[in-house]
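Pasting the structures in now, so scroll down.
Both complexes shown next keep chain A, but they swap its partner, so chain B is in the first and chain C is in the second.
Let's look at the complex of A and B:
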């Protein structure tokens, strides 16, 4: 009996989180260029028109390139840091970790503006490369957070056994450590890719003339007539993110199980 | 001489008395060096692309813009302007007030949810956590944009009410003011507050709660005297995670704030963009960082004081 009101609250809270966002897909299928209830009918017109929009496709391709580079580089940097932080003790460890994790709490506009100033002062022109540099900075803390859970509780005796059996440290890393944490790495790749795909502020400041998908969406927002297309595009972006994140979550739980720490609860 | 050095080397290398250890081997054996070497790529990246640029911004805030040239003579003029101009003051106060309100709302909404997750969910806990974190990862821009669709002049609420004949003209007070900024931010940042509180609730030793019950505390007293004080670190973390980034939020005030809902980051963007006054923009950015840090430290201090009084 006591559990009831809190359960209702929890469900209402989830509804509060999701319902506003659900307006995007609902109206993206609405057969009217005016976004309002009652719905007029179902159409896929907005989606099919998107595929003939070369600017949109260009922005999509830009986002995929930036996301791919961000995922690979930030995960490599994340592996180094997560491994160093969980396996070793060294002086300055905490302050180094604090600096690396700082983008989590720093207002994004500070990161964006400071990078903008430095890159322009050094004579670089803004491009997808500058966006990628910024996205790596934002994604590394998340990569570390994901990877730490698979490095922690990792049975070190497995590595020691490998070293005792004559493998070098490098071979041990590739033949013992890496396979165990592989699901965690995959999870990190997917999550950092999604972060880059959805990130707007840094891309807005640093993208120059090559827009990423969120920057393209932003540029379309002021045209009321383009709204249904933006809704269709936004819905696809949401769907993509949710799929990527779901796979990442399954991988993360597998990683946690392999490392011997039980993932909280379990998906069953 | 030889005997002495032999003894020395033996005591140095301990059990494995390896003669003439190469630098590579020594490197692999020194745990501290290995840790440092391993973290250095990530650390250097953050040093070069985060710390150095922020320091450059700090330097810029003491310089002057002369048309296209930057005058490098150090001056406090930018700060004088940033702190005395009524426009910047209004924007700064509004940013702080909006963020404080948003933080309060998200904390009040998130606490029962975190409590529910920690104390009442036994099965499918990971699924619940995942459902809460999905919005946390998906596009911030789209989450904010959804509110523009809902609250806008031609938005879902207005158009629907007009279609139904409830109102004759669209209600303008729904969008483009401080209220819509607060609603949108509270929604967009809601999931961020749950996780830190949840983690601190999970750490509470359940036997303490049993002890409180055995000693005669009712559920309310038990919550106020045991659960709430022990979850204080989570509450502090959640507050900071929401407060610090929202002060510098750009998207929400720009999309749903209208003229009266703009915040300090919109002005920072203008200075680095259209107004092309980087030093002033830098001074505004640095001032924001300093004020936010000071406000956060005060908050943590007050909360710690409150927490210690509980015990």
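Let's look at the complex of A and C:
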């Protein structure tokens, strides 16, 4: 194969995108606290030490709580919105949809600062609850985007066919509606959880005294000695995100296929 | 087929806001017949079908199935099953699971269930595809799955909502024959909604032609085609020439008219119809007229004319003929049988006709 300029460009682009990320796991196994080549040797020391770091485990637990709550609430909101957008026609539908999707492109720092101001003005103290609220705001547009693709093709006559064949409304929901949209819902849960897990700026502004994992990582960067731990933690976070998003995408495609549309588009 | 009414539609009205989708529709559908609701889109035919299935309730009026009032009865409690326009095959189930879907509530034992599924699949020639995923079968096969899924419920009435409209022409014609055959075999009442007049004519025992939420005419296909009651029905079904005429005399069974361009004729009067003295419209099907060029007309009456245009359809040729005293050209169709030559534009011909060629419309 000839090396065409576009091929070179594509390879260079991908390298620029992913090589730095690959250094993360590589150095996390390096048997030295200095991040530099040549590598000294292979160790899992940094990983095992992480498990005895209570502050880190606390931050991880915080992240899981926030992520779980964000995933459930934003998916529920997403289901309502996606259903409304795909099944009904109402006045202001398009502008409503655009406004809901806006946080996707809004600078996160603006969202974070304005949330901080509003929450403090209202007299809320900063806690994991305020982080969760901020994360829901960021995650709902993603949830809607995923769910719309599985609801869009959902044919109402499928529910009618089930009623026609003798099933009541409840059995119809469990035998037809749920199985068809379930992969989409699962996909939305995974994506919103991942977004919350990885999110830093909003969490940094709103978390108060309870850091989430990314906030904890940031705080550790000041100590050179702790850098290998951060690399180990970052590697795990990376791996988890990739797994969660891959599963989510498989689910989304399956949902779209079930609903009878072609599984194009999508986020991941 | 017998004369017992399985479905009685009694002065049914369905309004959507100010719009009357159905306007006092009354009709009896007999047990075991193949009944078609035919009309252009928006005429209320699908609304009526959905009312029978129970997906919608009439604003006023009554629907009885097998003598039972159906108002307020949900679709899952009605002895009807439906084949949807897009088939509504459950995409997450296999062909077999789709067909067996409605059996769960009947609580049959496993063997009986399996036997009925296989029987239903065989009935529609899908016996070999039971294990396929439902999104892996073709359009024609999906239609059969939908049929099997409905027939396995042994409904008193099978409702079909434009079931053939998504198929290509060849497959559609094949399915028309198969559906008709299947209906005779199972003996269940079929109600077909269609906008395709040919489909309605070839398949039905009776047809209800609908316009603007009302049934314009309900009769056997032959009667609908040969004796349409109104110009609207005549126009919707097949081709028809419309001629102006004056009423000369009105008798018990016949009327005498003077048809523009054609002359006087005594026509059979449609049963139960009275004409007021004014001008009326006479319909003439293109195939009920003939073209003569040079041969002896014998008993046939003739009108001289000139060929304006010939449209060749393979088995038939449609000629537009200009005649004296009629503004619009008269269409005459001729079968292209052996020995018949094609006529060219500009040729002088004679239109041959007899009183049976003409139908008085309002």
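The rule is simple: the second predicted complex is superposed on the first by the 237 of 268 C-alpha atoms of A that agree within 3 Å, B and C clash if a C-alpha of one lies under 4 Å from a C-alpha of the other, contacts with A are read in each partner's own complex, and residues count from 1 in each chain.
In this section, contacts are C-beta pairs under 8 Å (C-beta built on N, C-alpha and C of every residue); 3 or more make two chains touch, one makes a residue touch a chain.
The shown structure was predicted, so the numbers you read here are calculated from the model rather than taken from an experiment.
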Which superposed partner A:39 touches (first chain B, second chain C, both, neither): neither
Partner chain(s) touched by A:93 [first = chain B, second = chain C, both, neither]: first
Contacts of A:243 with chain B and chain C, given as first, second, both or neither: neither
Touched partner set for A:20, first chain B, second chain C, both or neither: first
Which superposed partner A:166 touches (first chain B, second chain C, both, neither): second
Chain touching more of chain A, residue-wise (chain B, chain C): B
A:176 touches, of chain B and chain C: first, second, both or neither? second
First (chain B), second (chain C), both or neither touched by A:84: first
Interface residues, chain B side, partner chain A - complex: 28, 31-36, 38-43, 45-47, 49-54, 56-57, 60, 109, 112-113, 115-117, 120-121, 123-132, 134-135, 137-143, 145-150, 154-156, 158-160, 163, 187, 190-191, 240-241, 244-245, 247-251, 255, 265, 268-269, 272, 278, 281-282, 285, 288-289, 292
Of chain A, residues touching chain B in the complex: 3, 6-7, 9-10, 13-14, 16-18, 20-21, 23-24, 27, 34-38, 76-78, 80-81, 83-85, 87-91, 93, 96, 99-100, 102-111, 113-118, 121, 133-134, 136-137, 140, 144, 169, 191, 194-195, 197-198, 200-201, 205, 214, 217-218, 221, 224, 230-231, 234, 237-238, 241-242, 245-246, 249, 253, 263-268
Touching residues (chain side chain A, partner chain C) in the complex: 155, 157-158, 160-168, 175-176, 179-180, 257-260
For the chain C and chain A complex, residues of the former touching the latter: 53-55, 74-76, 80-82, 84-86, 88, 90-92, 101-102, 104-106, 135, 149-150, 153
